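Per-chain residue numbering starts at 1, and chain names A, B, C, D and E are given in the order in which the chains are listed.
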C-alpha cells in the first residue's frame, strides 16, 4: 500500500521503492508546528516519557525544508490558513500531514452556526494522511498515529496493537 | 620508483578516508542521539535495528531520496557549492591525520599547517551557504558564524604554536612519536610547558567554537534563527552539512588527542595502534556531546568577550611562559 | 481611602454620575458613567491617581428601545439612555496595584455614530483593547494611532460581536 | 584584577556543577514508557469518547429522552428513537456521536437521567480518514454486550 | 546601546519572526525592524489563532461555555475554570460547600505548578538548553497523572461546575499529591544548580530588557511580569476570593525587573504553591462537593458583574453582562497575556535578537489566550 503519491517516477523498482519507503518510514522528521493545546501534547510526546526518538522521529526540525511530516496540532484560523498552505508547499516531497486533535480534523469544539474565524479541518487546505481524534489526544494516540503512518508507508505494522480495555 | 604501487596506495587511502568519514558520521549521529537520550533520561533510537544502530542508515536513505529544493531567488551556484565545499574541506584534512604508526595517508612535514589552512576555509563555506540561500535568517546566522570562527582561530593558533615550539616539528607523526607512554604525554606540565593542562582546555573550547557546536552554536541557533545557515537546504544538501559538521568535530578531537594525549601511543607504551587513537578521540567527542546537551547558547557578545578577553590573553601568557621555559635551563 | 479620593475627583467632571457598588456581589467598587467626550479627562484623573487599565469591554444594546419594561440601562449607575436610538456601551475597567479599588468607567453612544475619543495617549496599554473593540463592534476611536484589525484578518470589514451580525 | 579571576573561577565551577548533574542523570535509569510494548492503564475517571453503558442484562439504559443531545455544547450527539405502537416507552434506533467535534466536557454523562452514558477508555485512536470517528454507539454497545 | 539602535540613517531590514517560529511557541508574528542584530522596532501581529471565544459566549448556555474556559490558557486551565465559575456564582448568588472550595484551590495550585514547569522547560529551550525541558516535563508528567486521576483530562480541564465540582477526589489523591510535593522539593535545588547559578544563563538573563514599574502600570501588565518590576500585586492577596485567606503563603517580588527577576519569581512561586497545596491537604474538610439546590438552568439576574482570579500568567478577569436569560448577553474575557505582551514593543527596542527571544520567553505567553 505504497502512498498514492502523485509524484511517483514512471519506472518502478519495487525492491528499491520498498527500501526507500523503509528508510523514510524510520526517519520521519516532524516539523515543529504547534498552534494550540494539541501542541503541548505533541511536546509531551517528544520528551522523556513517550520518547519519539525511539522511532527515529525525535528530530523536531524547525525549518520546513528539512522536515517530512507536518503535524497540524491545533485550530486552524482563517488568518493562519494561507501561512499553513505556504509551509506545506515549502516542504520537499515526499511529505505527509497528520491532523492531530479534533480541531485539525473537523474544527472540534469551535464549530457553531455562523462561525467566522476557523477553517473546519486541515483537509480543507491540504491533503491529510492520518487523523488522530481527541481533545487533546493523549501522547500514545500521536505515537499510534505515527505508527499508522509507517504502516501506510511500508505496508506492514512491526509493532503490537494495543487495545485499551 | 615505478608509479604503479604509488597509485594503488593513493587509491587505497582515498577509499579508506572516504569510508572512514562516512562511517564516522553515521556512528556519531547514533552516538549523539543515544548519549543525548540518556542524558535526558530517555532511550534515543531503539526500534530501528538492534539498539537503533540502523537509524543513521535510515536517515541517510531518507535524506538521499528527498527532493532537492533550490529557492528561486537563491544564487544557485553558491547555494550548491556550499555543502560540497564544507564536505571536501572536512575530508581533505583526514589526509594528514596519523591513525597509526604507519597508517597515515600522506606523511608530510607541514601537516599541522595544512589542517589549519583547510579549517579556516570552512568559515568561507558557511558564509557562501548563508549568503547563497537568500534567506534573512541564513544571512544573519552566516555573519555570526564568521565573527565567531575568526574570534576563536586566534587563541587556537597561539596554542598550536606553543605546542609546535615544544615538539619543534609540524609533522604530526613526529609529534605523536615524541610522546611515549602515559607519563610522557604533552598534557602533563612536566613534559611540555608548565601550563599545558590549561592549554589543552583552551584548545578544547576553541574546537567547540570552531565547529559551531553548542554552547557556541550561534550559527545554527534553532530557537532564534529557525535553522541558521542551512534553513533553505533540504535532502542531501542538509545531509552534507551534517556530515561536514561531524567530520570537523572528529578532526578537532583527533587533533587535541594528537597534540596533547599522544595520538596512537598506548598509555602503558606496550602496543600502540589505531585503536588507541580512536578511543581517545571518541572520548573527547563524548565530552563534546555531553557539553552540548548541558549548556544553553551564549550571546554573540558573550562569545566574543570570552575569546578576546579571556582565551587570547591566557594563550599569550602560555606562549611566553613556554618560550621562557624552553630557553632557560629548567630543572625538568 | 483610595475609593473616596477617586470618587470625589471623578464627581468633579460635568457629566459624571458616580455610584458605589458592593464589591462582593458585583465585583467592582465604583461605577462611573461619563459622556463620551469627557472620557480622556476621566482617564487622566485615574492615571494621576495611579490606576492601571484592566480591560475595555464593548456592549451592543441593540433592541434596547423596543424592549418593554426597565432595561438594563435604567439602573442608576448607567448614563441616562438616549431617547431616540439604541446605543453601544463601552466599559473601561481600572484597578489599583496597591489599594483595592476597581472602577468601571461607562460611556454610551448612539449606534449610528459610534465615535469615541481614544485614551491610548494616556494609557498605551489601551491601544490593543481599543483596536479589539473596534474589530468586534466597529466603534471608531478617534485619533487612535493605528486602528487596523487586531484579531481579525487584515481585510476584515465585518464586526462579529454586533447583535445584528449575519455571517 | 581579582574580580576578573574570581568571575572566571565561579563561571568555571558553575559549568562543572551543571555537567555533574547531567552526568548523574545520564547514569540513572531512563523514565521512558515504551508505548507499543509497555502501556499504562487508564485511570478510572479518564475521559475517552462516550459509550452506552451495559447493565447486568447486557442491554443499554437509554430512554431516548434527548437530554444529552440538547445539552451538548458542540452538538455532536444525534439520536433517533421511535415508539412501536402499543408500547409506552420509546426505543432507541440509532445513537451517533460525531467525536471529531466533541470537547470531552462531560455534560452529557452528567446530565443523563438514567446514567446510560459512560466515558470509554480507548485513548489511542488513529485513523486514515475523518469519517472513521463518526461512531455509532448502539452498534458498539451491542458488540460489547455479546 | 540603544542610541545606536534608533539612528534612522543606517540601513535597516524587516525580519518576520513569523507565525511559525520555534521561539514564539504558537501562532504569533512579530514584525521586527532590525539594524544588524539590534531591534529598532518590534510590533507583534495577533489573530492567527483567534477562536471566537467571546462570540461563543453569547450563543450558548452558561454550562455549555464551560469547555471553552479550559481552552483559553490551556496551561493553567483550572484557574480559568475557577474564574468563570466564580463570576457566575457571584452573579447567581450560589454558595458552595467548604470541601469544594478547598479542592478548587488545591487543584488550581497544582495546575499553576504544572504551568510554571512547562514554562521553565520552554524558556530554557529558547535560550538553547535542551535538557532542562526534559527534566521539567518529566516532573510535569507526574503532576498530569495526578490531575488526570481527579479530573479525567490532562490539559484542557472541565472539572468545576456551578456550585461545586464534577466529582470528588478518590482516596489516593492525597498521598499522590504529598509524594509529588516531596519529589518537587528535592528537584527544585537541582534546577537552581543547573540553571539559576549557571554562568551562561546568568549572562543571558541579567540586565536584559528591564521593565519599569511605571511601564507595567501604563500597559496593565500583571502577574509575574509586574511582580518582577517591584509591584506586589497578586489577586489572591489583593482581592481575596474563595478560601485563599485561610492559607498563609507569601508573594515573591523582585525589584530589578529584568528577565532574571521574572525567572526567579516563577521559581519561588512553585515553592509557594507547594506550600498552599500542603496546607490545603492538611485542612481538607469532609462533606459534600456540590451545593444543595443549584438550579438546572442558570439564569443570573440582570446587570453586569466582574471577577478576577490569579492565573499563572496574571490576573484573568471576566466581565459578564447578563440580561436575565439563560445565555450570557456579553462575556468579556480579560486576558493577562494580552497586557503582558503589549509592553513588548516598547521594552524590546534596542535589544539584540537573542536577548529579545529571552525577553519574550520571560514574559511567558500563551498565544490562544491572547487571541481568544
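Just a few scattered comments:
Here is the rule we go by: a residue touches a chain if its C-beta (ideal position, glycine included) is under 8 Å from a C-beta of that chain, and two chains touch if they have at least 3 such contacts.
These numbers were taken from a predicted model, which means no experiment stands behind them.
Set against one another, A-E and B-D show the most C-beta pairs in contact at A-E.
Remark: subunit B and subunit E have CA centroids separated by 44 Å (rounded to whole angstrom).
The mean-CA centres of subunit A and subunit B are about 36 angstrom from one another, to the nearest whole unit.
Subunit B has residues 37, 39-43, 46, 222, 226, 293-295 in contact with two or more other chains. Of all residues in subunit E, those touching 2 or more other chains are 21-22, 47, 50, 52, 55, 60, 67-68, 71, 131, 134-135, 138, 156, 198, 200, 371, listed in ascending order. Contact of a single residue of subunit A with at least two other chains is seen at positions 47-49, 51, 54, 62, 79, 109, 112, 114-117, 135, 138, 159.
Every pair of chains in contact is given here: A-B, A-C, A-D, A-E, B-D, B-E, C-E, D-E.
Considering their complex, residues 13, 15, 21-23, 37, 124-131, 134-135, 138, 198, 200-201, 203-204, 352-355, 357 of subunit E touch subunit B. Note for the complex: subunit D touches subunit E at residues 10-11, 14-15, 17-18, 21-22, 25, 31, 43-47, 71-73, 103-107, 110, 119.
On subunit B, the positions that touch subunit A within their shared complex are 33, 37, 40-48, 52, 54-55, 57-62, 65-69, 222, 226-227, 230-235, 238. By the touch criterion stated above, subunit D contacts subunit A in their complex at residues 30-37, 39, 42, 48-49, 73-75, 98-104, 120-130, 132-133. Within the complex formed with subunit D, the subunit A residues making contact are 48-51, 54, 99, 102, 105-109, 111-112, 121, 123, 129-135, 137-141, 143-145, 147-148, 152, 159-160, 162-165.
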